[in-house]
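Mind looking over this structure? Questions follow.
Going in written order, the chains are labelled A, B and C, and every chain counts its residues from 1.
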Amino acid sequence: MAHYKILGQDPYWMNFYGLMILTLIEVLAVGADLNGVAESLGTEEKVITLWILTIIAIPKFIMIAAIFMHLYGDEDSGILTLTALFPAFFILIMVLFVGLTHPNAASSLPDWCRPGNYGL
Amino acid sequence: MSAGFAAFLFTLAAAFEWGDFIGWTEVPLILASLGVVFFGLLIWWRQDWSYGVDGKDSKHLWEPKSAGSPFQNIDIRKVALWMFLMSEMMVFTSLFSTYMRYRFGIPNCMTVFESGEWVEGTAVTCFEPAAHLIASSWFHIAPGAINTFALIISSFTIVQALRYAKMKDIEEDVRKRKVMRYLGTTWVLAILFLTLKMIEWFIGFPTPGPLTDLNHGHSEIASLYAEGYTINADSYQHYAYDTMYHDGKDIPKDSALYTMLQEGTHPGGQMMANIQVSATTFYVTTGTHGAHVLGGIIGLTYMTLKAARGGYTPDNAVSIEYFGLYWHFVDLVWVLVFPFFYLY
Amino acid sequence: MRISRKKRLLIGLVLVISMLAMPSAQSLPGGISGVQESGCNCHGAVPSDSVAGSIEGLPDSYNYSEVYNLTLSFEGGPSQPGNVNQGGFHLWASEGELSILDATTQLYNANEVGHTEAGNDQTSWDVIWTAPATDRNVEFVLHVNSVNGNADGAGGGTSGDMWSKVSVSLGGPIEILEAADPFVVLGVLILVTFSLLVITLAYVFYRKDPDSFDWDNFSPWLADWLTTTDHKKIGTLYFVAGLFFLGVGGIMAMIIRIQLSVPGNDFLTQDQYNQFFTLHGTTMIFLAAMPMINGFANWMIPLQLGAADLALPRINAMSFWLQPFAALLIFTGVFSGHGADTGWTGYAPYSVSEATHSGTTMWAAGQILLVASSTLTGINFLTTMAVMRAPGMGWMQMPLFSWSILVANVMLFLSIPAFGVGLIQVYLDRVIGTAFYDIAAGGDPLLWSHLFWYFGHPEVYVVIVPSFGIISEVIATSSRRSVFGYRSMVYALAGIGVVAFIVYGHHMFTSGMSPTLRFVTMLTTMLVAVPTGIKIFNWLMTMHGGSLVYRTHTLWALGFLVTFTLGGISGMFFPSIAMDTHLHESYFVVAHFHYVLVGGTVFGFFAGIYYWWPKATGKMLSEKLGVLHFLTAFVSYNALFWPMHRLGVWGMTRRHHTYFVTTEEALGSLPMEAAGWNMFITVSGFIFFFSNFILVFNMIVTSIRGQDAPDDPWGGWSFEWMTSSPPPAHTQYKLSDGTWGLPTLEDANEHIANEPGVMGRWFQRLMVSDEESEGASN
């Protein structure tokens, strides 16, 4: 149970409002025409959208975990947060090794790794 | 107790066996196996049913506490639930890794289309994110967006249920009513979530008349299934991948396809794509999340019923908290699934 | 009376078996006398060397019901061209039907044929033989006469004539070995093992109370075992299941070895061989090793932590009962010959192709259940170890076996979801046609390898790490001192646990994975040797500083040290990418992982069984039988796997159902010696297989008439020796003041607790010890 307040208000309600607003921003970000912004930054609209979505997902994630799941403000919060963060390393490894190694690795070896390039 | 318990174990395992044994044509056997699982679940629940009702068993209310550091004085069940969530994290990480691997490894359909490296009538293998369909119009995105809000609200209501269940200084009746209402709301929202998902996947819905213009002139939002976005879609065709669509105005001027069309080296037409992998990752990842919601609904059904007879008091409100932890986790996963599968 | 009836039954059974085993008695019906009666009477009394008869036209092995033209002829003897008569013959065939072609021969019956008067003047005759329609061994006996044609008697002269006899035996077609269909063999053996298990169960119950041996008493007893949530009973169930499948996996290994004993063998077809090695791997890892680990953990973790039971007893029972049903699913299809044939790794895209047997779907389904089981087990043990340690027992006071189970479960628990998701993907691909591994649709088979080995590599550490724990306990107790370098042992274990997740790429060096990842995993794999080396040297130092007592479990621990180190050294060949590319898929790999899995894991289990058996059952095992078991098993084990290194370097490939030897230096074939070594391996394999029955025999004999075990037979110090042998259902410990209850750890590892290193201080900040937290709250 929460033993604290956000801006003097009930934390669950505040958290709820916050989440709603952030989700709304997400939906708007996808719907809005961001071509102008993208061009001014020299990239594509998709990339801008992806960045916005990722950046907004992080606070949402933290808000749910910290306030709704009581990982903040309770006496047992510290150790349970550590428990919850324990798999982080393994998740990172999996995303790096499984998610981000290119499937076409064999046919797209870098030059220095190809036969006939020993002499450089 | 042990007799009912054994029945549960045996039947659950047996049911799994049969559930796997049969083909998809043998629905009665699947139903029978599900019935066996459900029977086992009932037996398990039966032991909890009157636990804490009317303060009858109040002296038996006993939540085992942790003895050793660093979890000293934390409920064992809570620790166990967090352990369980650890493995759930890995499950979804695996699914996301699969998705990322394919998303980054297979060329995007739009990229392929604009590169002009295709001819009409021959399917090319490319990655077509569901978001391309879903985010193409406000109506398409509506079920997913409503679902997002539904889950967040349900996360909130279950926390409220916990708060009232734990509140010591309110009357028994008020607590009973509040807890039941909040749990019931959560249940309704969860059902809404799955219903909208089915609409989005399989059913589709009509768009209100005055707004059809916003929907590219179509009077109906087709389901993903009707759009041809299925796991066996080896010759998927989408209007956006047609050089004639909007008279080709959507083709970027700096793309290779545009140049080729201008020079006449590309005959134009509609690209055909093999998008089985994209559809598979979409349906299985969101489907796994849906299965978790379904599991939550089964638990919620029981808890709502128990709350209706005043089963939750400050003494045993932790049950709601532990279910809530699971439910928030499902919400958390959706926070990630929604942007990366529905929006991007 | 019952016993005498049993005896009669037994004698009857033995008689039936011996009658079946006796060769069917058959003799030559006509014989020489028949030949004489047919006209060629008395052509000499004794057979002559100078006459050589022959049967031409017989194949090496016949085809069913095929018709063969036989040419019977002879050379030598007094027969001369131009003689009035030249000779005669008599042919007897044990099976099939003989018939005649022309007037020179005559048919006595379907089995006998001879010459006629008209055929008297020839040295060669033609007859027809129709092969039997079933598989038989056929004997042919040919008598030939060589005659000089002199007519000094009414019946024809016989003086100076000579005769001889030729015997030829003939086998049926190659498929005749189908009569001993390996699946039937396996099925029968599994059924026999299972029946023995049931009989043992009934017998155990009978022994408990011979007077109440009836169903009314039996059913509650059985129901109690089936529905128990007691960690000790579930541990025993895990053991029964684990040992049962160890036997089944062993039988499969023996059938594989029969197939490989000689080059070009056809005992198993390629198809059957694929299923056998698939199920051998799956059974041994998932259905034998894992349940045995869980058996040890179930029994010993609560006892070592000073707890009454596990944290979640019902979840515990559920994770056990998922296993038998998973096993059923995995074995589905074996008896009809359609078992999984993908190898235990189940590599995509073959595992999702239609070329595989339908059993593969069930194999995946069964493994999904095992994943669920392991997840529940993981939750249970991690929670137990986190929350139920006795007061005073911090992380750094936990016995090393508990630590090893903790590390193993962390690894298993965090890695198995990847496997589960991979299996679900395969299952969905196979059942509803999703396209995860559909190459035509752009699916990536390497994804399966990644997901599988992300789980698979931690998994092989999961099965070895508990053995480390057992060996640590056994060596420390047998050396009569605390283990050397406890703290470094714990860090080494934890290090292995973490490194396990970043080395898995070395299984995929030849698969065309990302070159960067290949390089990274090469380095990290070499790193594994460091914590493992620390452990080995710590064990050696423990023995060095202590005074070793040689008991059976000590011997197994020493055997473990030897074989595991050898296996570890052969393992260090693989991280090097170039070396791995050379040795990949060869028997060198087979030798390596059997050296660590059998020599490491199984030897560790044996040490654990001998070590904790008295505690669990209250009976001492026979040391004599134990030493005999160790000696035979250790010698035959090394004879079994050591030559495989050599075969691997010669180029013998794994997963192939047969091999060929040649004297030439040809690509893809083995030198002549390989055949001999393979036969040697097979023989050693059988000795190893049967040597383990000494353990089973030991268990049975000592539980009937063994000595009662004291509470602490070996002088161990951890909590499990403080309770009675066997411990009561809700464990009570004998406390220092003589009462019984749950213990508190006092003054344990004082010197260790007081000397934190750099890492230790960092850890201590994370894990507040009891004293400090109490001080804070006071």
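In the analysis below, contacts are C-beta pairs under 8 Å (C-beta built on N, C-alpha and C of every residue); 3 or more make two chains touch, one makes a residue touch a chain.
All figures in this text were calculated on a predicted structure; none of them were measured in a lab.
Participant: Whose C-alpha centre lies nearest the centre of all protein C-alpha atoms?
Facilitator: So the chain nearest the centre of the shown protein is C.
Participant: Between chain pairs A-B and B-C, which one is joined by a greater number of C-beta pairs in contact?
Facilitator: Top pair by contacting C-beta pairs is B-C.
Participant: Mind checking the centre-to-centre distance between chain A and chain C? Centres are C-alpha means, answer in whole Å.
Facilitator: Roughly 48 Å separates the two chain centres.
Participant: Using mean CA coordinates as chain centres, what's the gap between chain A and chain B in Å?
Facilitator: That gives a centre separation of 19 Å.
Participant: Cα centroid separation between chain B and chain C, in whole Å?
Facilitator: Comparing mean C-alpha positions, chain C is 43 Å from chain B.
Participant: Which positions in chain B touch two or more other chains at once?
Facilitator: Each of 70-71, 74, 79, 83, 86, 90, 93-94, 97-98, 101-102, 105-106 in chain B touches at least two other chains.
Participant: Give me the residue numbers in chain A that touch at least two other chains, ranges are fine.
Facilitator: 87, 90, 94, 98, 101-103, in rising order.
Participant: Do you know which chain C residues sit against two or more other chains?
Facilitator: Expected reply: 414-415, 418, 444, 447, 450-451, 766.
Participant: Over in the complex, which chain B residues touch chain C? Could you list them?
Facilitator: It comes out as residues 2-3, 5-6, 8-10, 12-14, 16-17, 20-21, 23-24, 64, 66-72, 74, 76, 79-80, 83-84, 86-88, 90-91, 93-95, 97-98, 101-102, 105-106, 125-127, 231-232, 234, 274-277, 279-281, 283-284.
Participant: Residue numbers of chain C touching chain A in their complex, please.
Facilitator: Chain C reaches chain A through residues 414-415, 418, 444, 446-447, 450-451, 454, 498, 501-502, 504-505, 512-517, 766.
Participant: Applying the document's contact rule, which stretches of chain C touch chain B when the two form their complex?
Facilitator: Against chain B, chain C makes touches at 223-224, 226-229, 311-312, 314-315, 317-318, 321-322, 324-325, 328-329, 332, 361-362, 365-366, 368-369, 375, 378-380, 382-383, 386-391, 393-394, 413-418, 420-422, 424-425, 428, 431-436, 438, 440-444, 447, 450-451, 766-770, 773.
Participant: Given the complex with chain B, which residues does chain A contribute to the contact?
Facilitator: Chain A residues touching chain B: 1, 12-13, 15-16, 19-20, 23, 26-27, 29-31, 46, 49-50, 53-54, 56-57, 60-61, 64-65, 68-70, 76, 79-80, 83-84, 86-87, 90-91, 94-95, 98-104.
Participant: Give every residue of chain B touching chain A within the complex, in rising order.
Facilitator: 70-71, 73-74, 78-79, 82-83, 85-86, 89-90, 93-94, 96-102, 104-106, 131, 135, 138, 141, 145, 148-149, 152-153, 155-156, 159-160, 162-163, 166, 321, 324-325, 328-329, 331-332, 335-336, 338-340, 343-344
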